[in-house]
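The next part holds the structures, each set out as structure tokens.
Next, two complexes with subunit A in common: one pairs it with subunit B, the other with subunit C.
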Partner chain A sequence: MSGGALLEVGGLAGGYGPLRVLHGVDFAVPAGRIAALVGGNGAGKTTTMAMLAGLLAPSAGTIRYKGEAVDSWSPAQRVAAGLVLVPEGRLVFPDMTVEENLRLGAIGRQARPHTAEGLETVYGRFPRLAERRRQAAGTLSGGEQQMLALGRGLMSRPHLLLLDEPSLGLAPVMVDLIFDAIGDLAGAGMTILLSEQNVGLSLELAERAYVLENGAIALSGSGRDLLGNAEVQRAYLGL
Partner chain B sequence: MEILLSGQLLVAALIIGSIYGLVALGLNLIYGTMRLLNIAHGDLVMIGAYTGYWLFTLAAVSPVLAMLAAGALAGLTGAALYFGLFRRQLAGSQPIERIEANSLLIFFGISIVIQNLTALAFTASPRTYQALDTLVRIGEVSIAQSRLVALAVCLGLSAAIVLFLRFSALGLSIRALIQHRTASRIVGIDVDRVQAFSFVLGFALAGLAGTLIGVTEQISPFMGFPFTIVAFVVIILGGLGNLAGGIAAGMVLGLIETYGVALTSANLRSVLIYGVFILVLVLRPEGLLQRRRLT
Partner chain C sequence: MRLLTTREAVPLLLVAAIAAVLPLLGSDYYLGVGFILFGWIALAQSWTVVSGLAGYISLGHVVFAGIGGYVLVLTWGAVPVWAGALLGALAAGLFALLVGLPVLRVRGPYFVILTFGLAEFAKYVVINIENALGRFGRLILGGPPLETLYWAMAALALAGTLAVVAIRRLRLGAGLVAIREDELAADTIGVPTVRFKLFAFALSALLPGFVGALFVLRTGYFEPAQAFDPVISFTIVTMAIVGGSADARGPVFGALFLVALSELLWSNFPQVYMIVLGALLVGFVLFAPNGVAGLFERRRAAAAAPAGG
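Up next is the complex of A and B:
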């Protein structure tokens, strides 16, 4: 593990059939910190996340997690090792109850014995989910579904949480609530890779930040550096 | 008119309905988890019927035991097909719509092969046998023991499977895979294992039901196709991938068929079933054409 990085990505390339989206992406996520992956629509953030979770096979590059190459691991093996995705668009199971969704987060062999304590933790953090535990997930509001997606991810007992657009389409109050939760998790030592269009908020939180443009890293630095960067301010912060 | 009120007819309808429900459950499980359109499903019923026939004729094995052998045989056939053929397709990067369309053609071929091999081995002439044929009287109603066994087994197994889906971890995974394939992979469900299990269970149920069907119906290499059609009607009626709904829909189709035939004529049996099929497709085309989003 070089320099205490939990995740190291090198030369990641690929896309969907003939469409090449990523052209060699390099970045690292330091252990116990938040790293941000920012960029405009269609830059390839979700594609990167899908490759990290094992949902999409890259055509080139390596992904090292805890010092091990995980390129050939199935999504289930990655989840079992603590590499857990909270996907863009939530992707909850709409006809299942809130509690069934959470139980599914702990469906892997490693996490399943800890289902009860996991539920307690998640309900403690998001009391609204506890009130709605028997409600079908598809009937929750967007913000509640995001809480559920985050809670489901936590049920997997992650070491590295991949958060893809957790604030997308949420009202400001909800955005605050979700970002508070992310800050708390990081404070408790969780490693997080955060992909966001809400560039300002994520750069404030991030120890390391990367700007993805047209399938490659265009800029990188500490979150603070990038916040002060004139190009970032112009392109992403509307300053 | 009087016959319509008889308990005899109602019991007959329930027996047929429960058999339809169980046969369709296997098809629905495979369609729901993998989007494979198994039009050879009825041929597993046929294999189960022959298993019962030969075990009884050659070794005097009761259909109650033979159905377990038939389930195992059909399940093994399922395992061979899953691991030999479909696993690789499902693991590849093809869009699920293409896999679905291809599966129809592949299973069509499999169906033809199974039917012709059976005809080659056992001739095409229909067979029947007499087992469990003592009449049991329950109040006004008298039914053959074999049909009572069929009712009990089909209802019992359907209920057991619904409970299993509801309360076990594997059942939860199956329901999750039916609802959202990508989300299932994200939460770390071992999709390959769930698929293999569903495939084998779906085949085994058809084989097992086939033995029960073969005790009371004519057995021939080509007896399966009507059951394929019935199973499709049932799962479209109950909702594709909706397993509990399909069991209820099996009952509904059993009632429609039994009372429809009683009101008209036995010759109209297929007309009734295809009629329901067409009617459902006209009234609820979303049943077949517009399924839940599949990403």
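Up next is the complex of A and C:
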């Protein structure tokens, strides 16, 4: 099953202090595809993403990226290796301009020489950001900030993009725009792990999907399979 | 990229020009004032590295100057005077590296209080060591003449200014600013936050160690309560508030302003000096939170913006 998996997670467990959020999570992200981690609020999606990015140390389990155990790597080392998180809530630098935000995205040693080329790519993909390049990021709409966060992530030249709740708090038209962009990125060969509450849209996009419930994987399969799954339809799609 | 932008050239040229002009006035008074001014510039620039750029506000920066001064008197007579000053700077940097890892884990007000407490703690440790040794102040006789100290301090001020200019251009500077704006976001874009903070902290301790050694050489004696006086830390922060601390201009403006003010008021109206200083602080915090440098920036932005609207 691990043939062509860029990321393999086994037995991931832990949380915040005495609060255990994850109780042994296993999943894999196939290279060049979109995998989705879906589930409700509090299921452990953001905790999983934080552990993958190195922001939170798991109490047990392994994370293998490109076949290497990265558990002891710092967040910066993971970014340098192409494992890049676009965090929940976007976390753009509000007082900096759009362009300053993007330039900072390329702060990694591996990305810095390619800053100009990266800017061109991001502006090409999100013309809206090019129009607002001199505007303070804090004055952008939620959808534009999400584009910026995505663009900033792309500036670090990722091989695996971890997108944590990119649709959170966005207007439906913006959600469509962001999901289109995610689909385009995957079409261009990017590997993506998408963590989402928007289960329907995510399953439509995802090659592999995992339903996270109470800190463990409850269901897994292809996105299409899960879309047709009666339990998923009842619990997440309101059908 | 241009060799130097205006905001980089102004502070560098200002420091160099003042250093060149003051000796021409031909009086020890001006050399003495210049010595103090350059000392403050070097301290405020160093503070800017960790507190201005990375946003970790240190309220205990005097500890590095105190350590520098203490190492100088401890090594006095045993090593050449400049080696002693250099050892003082290295000791301050080493101290920052050692305490930095635990201290830099806390942010915001906790960091402010921790740095203040750390400096006071160091002060009392040194006081107790000196008491146990039966020493109450140490005299230094035969230090370098004022003119030599003046040029040494001018070099430190220039070095500090140059350091801030250079760091802002490097990956380190961009990373520190990212840490200031949002440390979690800085982590996710690949800033080695722990390493950068520690490096900045150690860097911001080196020059103060040297400055502290020169202060001791100038006064001719070392007394712990004076060398670790928390008012020195407060004054550094005041200069940063008055001048600004986003780039190398602020510390120069702030130090110039406060030294000029203290020379004018202290000699003529010593009673009102602290009152005026307090009023100024309140005024700047309320109306010009980014200091004099921030005011220039705002005027420039207003001039660049299209009229009307």
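As a convention for this text, the second predicted complex is superposed on the first by the 238 of 239 C-alpha atoms of A that agree within 3 Å, B and C clash if a C-alpha of one lies under 4 Å from a C-alpha of the other, contacts with A are read in each partner's own complex, and residues count from 1 in each chain.
Quick note on the criterion: a residue touches a chain if its C-beta (ideal position, glycine included) is under 8 Å from a C-beta of that chain, and two chains touch if they have at least 3 such contacts.
Everything numeric in this text was worked out from a predicted model, so none of it was measured.
Clashing of subunit B with subunit C is the outcome of superposition onto subunit A. In the superposition on chain A, contact is made by A:A53 with both subunit B and subunit C. In the overlay built on the shared chain, the residue A:D180 is in contact with neither subunit B nor subunit C.
Once the two complexes are laid over each other on the shared chain, residue contacts for A:G105 go to subunit B and to subunit C alike. In the superposed model, A:A76 lies in contact with both subunit B and subunit C.
Residue contacts after overlaying the shared chain place A:E231 against neither subunit B nor subunit C.
Residue overlap on subunit A between its contacts with subunit B in one complex and with subunit C in the other: 53-55, 74-76, 78-80, 84-85, 87, 91-96, 103-105, 107-108, 111-112, 152, 156.
The part of subunit C that touches subunit A in the complex is made up of residues 171, 174-175, 178, 181-182, 184-185, 187-195. Taken in their complex, subunit B has these residues touching subunit A: 93, 169, 172-173, 175-176, 179-180, 182-191. Interface residues of subunit A, counted against subunit C in their complex, comprise 53-55, 74-76, 78-80, 84-87, 91-96, 103-105, 107-109, 111-112, 152-153, 155-156.
For subunit A in complex with subunit B, the touching residues are 17, 53-55, 57, 74-76, 78-80, 84-85, 87, 91-96, 100, 103-105, 107-108, 111-112, 152, 156.
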